[in-house]
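In what follows, structures are represented as structure tokens.
Two complexes follow with chain A in common, the first pairing it with chain B and the second with chain C.
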Partner chain A sequence: MREPNIYGSDTLDAELAPQFAPATSDLPPWGKTTVVGAAVPRIDGHDRVGGTAIYTRDIALPGMLHCAIVHSPHAHAMVKRIDTTAAKAMPGVHAIITCDSPEAKIPWILTNQGAFSQLLDPHCRYEGEEVAAIAAETPLQAADAARMIVVEYDVLPMVVNYEVATKPDAPKLHAVGNQPSPARTSQRGDVEAAFAKADAVVERTFHTSCEMHVPLEVHGSVAQWDSGKLEVWDSTQGVYAVRDSLALALKLPLSSVRVSSHFMGGGFGGKLELGKYTVFAAVLARMTGRAVKCVLTREDTLRSVGNRPANTISIKAAARKDGTLLALDATLLGASGAYPTGATSSYMLLDLYTCANVRAVESSVLINAGQARAFRAPGYPQAAWALEQVMDELAGKLGMDPVEFRLKNIPVVSQLRSGQPYTSTGLADCLRDGAEKFGWAAARKRPANKGHVKRGIGIAAGMWGSPGGPTATVILKLYADGSANVNSGAADIGTGTKTIFAQVVAEELGVPVERVSVENADTGTTQYAPSSGGSQTVLVTTPAVRSAAADVKTPLLALAAEELKIDVDKLTIRDGNIEIAGDTKKVPFSALRSLAQRQQLVGVGRRAPHPVGKVGLPFAAHFAEVEVNTRTGEVRVVRYVAAQDSGRVMNALTFENQVLGGVTMGIGFGLTEQRVLDRQTGKLASGSWHDYKIPTAMDFPVDFQCVPIDLQDKECNSVGAKGLGEPATIPAAAAIANAVCNAIGARIYDAPITPASIVNALASKGGK
Partner chain B sequence: MSDRGNKGPCGPQKHVNRRGFLTTISTSAAAAVVVGAATPVAAEAAPRDATEPTPIVLYVNGRKYRLAVEPRETLISVLRERLGLTGSKPGCERGECGACTVLLDGSTRYSCMTLAVEAQDHIITTIEGLANGEELSDVQQAFIHEDGYQCGFCTPGQVMAAEGLLRKNPKPSIDEVRLGMSGNLCRCGAYGHIFKAVQQAASTRQSGGAK
Partner chain C sequence: MLPTFTYVKPTTLEHAVRELATPGARACSGGTDLLGCLRDRVLKADKLVSLNGLAELRGISELPNGGLRIGALSTLSEIASHTLITTRYHALSAAAGAAASPQLRNQGTIGGNLCQRPRCWYYRGDFPCARKGGDTCFAKEGENQLHAIFGGDVCVMVHPSDTAPALTALDASVRLVGPRGSRTVALDAFFVLPSKDYTRETVVEPDELVADIVLPPPPAAALSTYRKLRSRGAWDFALTGAAVALGMHGKKVERARIVLSGVAPVPWRVELAERELVGHELSEALIERVAQRASEHASPLSANAYKVALVRGAVAEALSELRAKG
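Let's look at the complex of A and B:
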């Protein structure tokens, strides 16, 4: 529903003025922790490996109907006529909605320029756009009936090449034209003057392909009404975001919509917003008085629920002989798809390195393809692909080691945030420690191997520009037996959120992790938390968990003081016990009669505001070694070191897991993943995992090392952690591209690097 | 002793490099709904006999089930929709991801590429059949211990693939683990931890622990 506008740097940290001063905003930073940071296995591991975890896909309610969706087979067309007569007569069919139904008019793609579409829009702007939905007794009956719906279309001229779409004579998707928002320029210093003083200049143009999220669990929802109230199970990263948009779409009070997502099978940014499938389920459930399940097909997920938009990025960069980066001048163009959304991010270009003179001009353009959505660090891997290759070329021109060149330009303040200092900057440590663990210096000196399989090494750095959202509330219940329950609306999208919450409670109260349960991701029963996206869950919500734990300590000590008849100042809480100063006796929580009488103590925790005048952001440096077969063009990543500064490591196991997952995704972006749209018809040619290749077990390097840089950031928030999910993927593809260049002595500017592009690069270089 | 061959009447489709595997599939049984024809063509609707309920007997996790299924129904759909065994996950329903992996007579098998009628007379084991009550199998425990998952949606399939691999090859080398697991996609990209989990389970089993 909402236009996901999280690309622009100026919208990344829309901090609200704090409306209250949380009592615990001044929790002192932890020193050494024992449970937080340890390799604690997940508290919900049993469900995940046992097959007992219930995902949205698994929900079955009594009398539940199944939905099938009818899509436009054309990239650009106007529906002339829909005939549902035959479909209605099919066995098991209960309800059908089409572009002609009143429900079809629900406004869709809401922007500050108005709604760009509606729930079922007769104007179909990409192949796969929805024109009808059916509810039937079984999934097969719904699919059978969907096939019987007759739709006549007027086929319109279409454009899927985004560079062509910017031309004045290109087919138009909307009355406002293909570029509804003007280009945006960000700059500081004097770029032209700086180029005049440069010792080395590099100017290059890069293309990155459109990448698809394709989480293993397809998008889907189950909806059920009960006396005017709507209950929805959705595979989502943000139950509150979906609830808000759904209430708006159906004109319901927020209190009448409940959305939950206890287990969800991956999102990567593609499940941050309300999907049409959710509204179909809700509308069909209202029409039939039955629960309705609507799940997409795998092919749908490759067409209609988001992507990382293709980018064209041109950069001209200049440096002085001593390695000072002098100027960066960039233009970025991104393909939004059929509806407006920012499709580029210049944040990293403008802030990763100290550079006095920069300019970035960004624009997005509409094409007849599915709309882009936030995708794990929106715009950043594309920017890293361009920037980090240009940095390598500049280092080459200056005769400098690429690591040294980057170290020469480390920022100590955020230039984009008017010179605010960072609470911690681990970029230099990432570069140094990563290089050491990788054996960078020695590997650089290695002579080139003689055979047709060439080895090469590469490095790339990155950062993530968001310190997280403004607010989260957590409720903690301490029960009479000393066990505890954490209540937070945050979704655990596979990052280990629930486990980290339990660790924080265990750390604060000394309760064993096994005695902490977590209730989450349900707008009906759990407290507000921002969506799990933008690498913000740990840094926004765990401080609130810590604050809630602190909030039960005060009443607990008061109870203990009264019961034990000891001055409250003499009591402390450690390891699940009340300890008395000057006394070796320890009183376990469970021995407190007054706690037993009350049954539970409830603590409320809120996140303190961001530090004033400073910003805490994560950094990374990745080192890759590749083997390139110069006969076949095949590239294999054989060794990898990922150094990450994300502040405190909350859980050693899940931290490493995020990093290797981010790198795996980067391997796909750099080497195999590519949405292909047929230029003649605009249809998707890569509509399956056979044609759209994500990394498999064969693609992940066994020789992999994650190097956490734990800087003890005492200021970013009360747990000292910065984001991890996004920075773990940002530099990966660029590091591989630099390694490929090092291996074959020719640079490839377009992602992904395919066997064909290797062979072409070698051919134009004139030899092997 | 190869763990890659297509053996038996149902031809295990796993332990084949996923990319090589392309060549072994010629049709897609559970194709996505694609609509677009201006007029419904009778032949486009499912042929009548594909929907005619057919009695079958399935042996799943040591139990015998008598059911009437449509011949076009896949094993995964029958396991999930009729038997309530939702542990096997549909990731693609066309033989691309392995999330639906079960054991058929002890060999890994994509249950989305198997018709329920084909699975008659075979011993089927799903993720729900690996544990002994609440006590998890060695492979399941190893996945928890090594954090061999993130979102967990591919995990039941990964665990079944690992179980199938270890039954055929109790001491896989790391390259055999990679190859053996390459029919199971993990978009969260937890492969590094999955390899460790498989190796740990192998060594537990070698040293006589569990199963």
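Let's look at the complex of A and C:
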């Protein structure tokens, strides 16, 4: 039932498995582009801000019913008895399913780790786990009826502290125990021998807090049955992934399930999976013969649809006097929540810097809280928080500039892929160009200011370890008037995917962007694309868009040659015209009678496989300047430079936008966001946007600069782009932590850094 | 989702008071707090009595004695930008401007800000805490990083208002109107400590409403400000705040009020620190001493000892700001 999670180690396993992608030959790389890379405003921007975009919640079907969900109020409990008598008698109620219903028996969390659950499970393992669902005429009637369902529970001992949950006497969530998977060790070289030769050693333990995704659009679905086929509107990052899981859950052929998500309002990894709410809508719709809408409340989304798991990461690191990184020895522990999922990623520890001797031991543990999910670079910001602070301390011990220290250890091959070279590597450029734009060298020489408000600067680097993919198919239609339609299953989760598709078509065919329409994210009508997660949408799907555009060119030229009675070799396509060699005459596509007769030409594009024996991955280096008020513990990020190597910049506006959003998210991870569970009951304390603090516009630095490295990568794929969404957030919090340490002369190891942690750090520094 | 209630919008104070006297009735002005409490089922209401038709509760005007009357329906935005307040009662405009977000300040009223309910996550969440009729304060042994270091008892919530400490420091009083007529209560006596009654935050009776707030004329050479410390740049309640109002005579402090927010179940006046100020020139050394005094006698819980340092910081920042002005 579950998607394979996209934690670093799992994606690497998938990537290194034999690939059966069709061996299509790829297009030669672009040279200089005119539309691709330009600052083209979003083609759906007006719809999104003007309110005309139709999101899942806006869908209203004739006779549609509304679903409300009953949740366990306990962190750990067994349902003893459910009484729906009163609820059934409420006005407008059409159907109720509970953990006693046959419909509830759909197996849910299916893993090989021995931890089973079903759609509605009497064994509730976290506050907010679902025990019943109701369909009624109106949302109010459904909510009123849900409150009339009487549930009796046996409350069980619970554990929400993940370090406590590893102890043998901790309450157990599943019969297999709280750590069903053994620890996973990744290593190369000889770590112990390397420490013996080291000139500098740093050993530290870090903690990061659990973060929520909180996309603006809450999770929800509308389901309707039509002649035995299921149609679903869902707020999702991956219509195909949801279709596959839904078909499996309801035992339907893939061809009988249609999932669409044309407009969606953000996911950040929290909408990659099939949600129970989708199955409730489908099951209740089948029971009632009516369409059913099931939209979660904001409070539900804070408990039950995923999070970035808290991590404890200990690192011992060693270097030689000359700045050579000798060894990294790390242990990582992550909190999976109530069902097993990998909750750590050691990827960056193992591959960001050249290091001959590394060891990472990773384990995850179950706690009585909602299950962790992929969250914008799963595991990476946590690893960066630890690794990049340790790198800073090592540089300090060696008396080296932290930028120089990192530059000294830049890899040109992927050590995790047995030394495969990178198709391009911009880590050194990110560090150098970023440092220059930031004025790093001058800022380091600046004397410390005398007052109680201290300024500090910090740097952190990062990378994203997945090249995405491998496959996507795109159909492109060129119409008689010369306008075009791109058809792809990719969801545009707010990143500008649709706009970039239109730019690629414009670039290839010369059709203006505004004459390209994009049809997307519908398994019934659009072609397969992978989920919009893992920073892969542009680099996996736009090569297929480009290939589809190229596929239209051949028949178009053949038609033109026939109609114009000119040898096809003399014809070329440029700017929406057929051009004839040795002739100044241009024939617009719309002037071709042969095209008008056919009405349309259809091109099919597929993405070629990844280059063999090489890999293209994105890198980043972030530079932060902070002001710390040592009286009050207030931290302000006042200046920021984010240098990103993501290969070709596809759209200057959406590129900067992604980076700005990634840095904002990093500010939240580093300074404000923290899920708080009550230790006495296991229930969520930070259950609102007052208490779960995402950063506001006031927390973002006024002086912000995005520095795209814009490397020419001719090998990674036919558009030359690498991922951006995730690398834009990975180093941000660590850069801020390093800047705080630079400002106050005391290091803070636990995220987020709050006024409390500042005054506590200053107090223990003073006490020493 | 909001539970069912009836709604009336009287146009006279007398009618409003009569409606409020019916069982299950609650007053509603901006609604920014009440509607959330109803939606989250923290509070119940059978009837909402809108105060928005009461013209007599509006307006900000100078009194014959040189003081100021602020109608209870004045929004936080109006107060934050009103010239008479920014120039003569700066602590109040600063506090109103530091509250919530622009949208909430445009909607929320000063009367509502004084009467708002606790923001403790146990009170607002699905926890049967003492203040909601349960038998325990979950924060005492639980997640108490945001809770009280002064004045805690059966309940250790902190009073969430920014304007209340400012008004207390400015010696304001509140005029309440009810079926028994009107009465005036000094801000100092307006809030109720849990040791006295942990089921209520103010002395306002269910059938009374806040009509207006009266500020005395500012003392000669008055200086005041409010310094708020919070976890993020906007839309956040105070971790700690300090409202300071001084009356100066030449370089010397003649009269001093220091009232803290975010650290106690009521706006917390620190008279020991005030006394330290009177009769002296505002020097850096004095500021440090006063800040230290303000933080004394705190009783931190397991996770909020940092607030003791924050009290020192907020008071020192506020006094430093006034020293620079004076």
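Keep in mind that, in the parts below, the second predicted complex is superposed on the first by the 747 of 768 C-alpha atoms of A that agree within 3 Å, B and C clash if a C-alpha of one lies under 4 Å from a C-alpha of the other, contacts with A are read in each partner's own complex, and residues count from 1 in each chain.
What we mean here is this: contacts are C-beta pairs under 8 Å (C-beta built on N, C-alpha and C of every residue); 3 or more make two chains touch, one makes a residue touch a chain.
Bear in mind that the values here come from a model prediction, so they are computed numbers and not experimental data.
Q: For A:A86, decide between first (touching chain B), second (touching chain C), both and neither.
A: After superposition on chain A, A:A86 lies in contact with chain B alone.
Q: Given the touch rule stated above, what does A:A146 touch, chain B (first), chain C (second), both, or neither?
A: first
Q: Which partner does A:G51 contact after superposing on A: first (chain B), second (chain C), both, neither?
A: first
Q: Just checking: does A:Y528 make contact with chain B only, chain C only, both, or neither of them? Give me first, second, both or neither.
A: neither
Q: Which partner does A:Q680 reach: the first (chain B), the second (chain C), both, or neither?
A: In the superposed model, A:Q680 contacts chain C only, not chain B.
Q: Once the structures are superposed on A, label A:F195 by its partner contacts, choosing first (chain B), second (chain C), both or neither.
A: After superposing on A, A:F195 lies clear of both chain B and chain C.
Q: Quick one: classify A:Y749 as touching chain B (first), chain C (second), both or neither.
A: neither
Q: Of chain B and chain C, which one contacts the greater number of residues in chain A?
A: Per-residue touch count on chain A favours B.
Q: With both complexes overlaid on chain A, does A:R631 touch chain B (first), chain C (second), both or neither?
A: After superposing on A, A:R631 lies in contact with chain C but is clear of chain B.
Q: Enumerate the residues of chain A that count as touching chain B in its complex and touching chain C in the other.
A: Residues 73, 139-140, 143, 687-688, 690, 693, 695-698 of chain A touch both chain B and chain C.
Q: Residue numbers of chain C touching chain A in their complex, please.
A: 1, 101, 119, 121-122, 124-127, 138, 141-143, 145, 229, 231-237, 239, 303-304, 306, 309-310, 312-314, 316-317
Q: Under the stated contact criterion, what part of chain B meets chain A in this complex?
A: By the definition above, chain B touches chain A via 17-19, 22, 25, 32-40, 44-46, 51, 70, 72-73, 77, 80-81, 84-94, 96-97, 99, 126-128, 131, 134, 136, 140-141, 143-147, 149-156, 159, 174, 177-179, 181-182, 184-195.
Q: Please name which positions on chain A make contact with chain C in the complex.
A: Against chain C, the touching part of chain A is residues 73, 139-140, 143, 629, 631-634, 636, 671-672, 676-681, 683-688, 690-691, 693, 695-699, 754-756, 759-760, 762-763.
Q: Any idea which chain A residues touch chain B in the complex?
A: Against chain B, chain A makes touches at 39, 41-42, 45-55, 57-58, 60, 68-74, 86, 138-140, 143-144, 146-153, 213-218, 263-266, 268, 297-300, 493-496, 653-654, 656-658, 660-665, 687-690, 693-698, 700, 702, 704.
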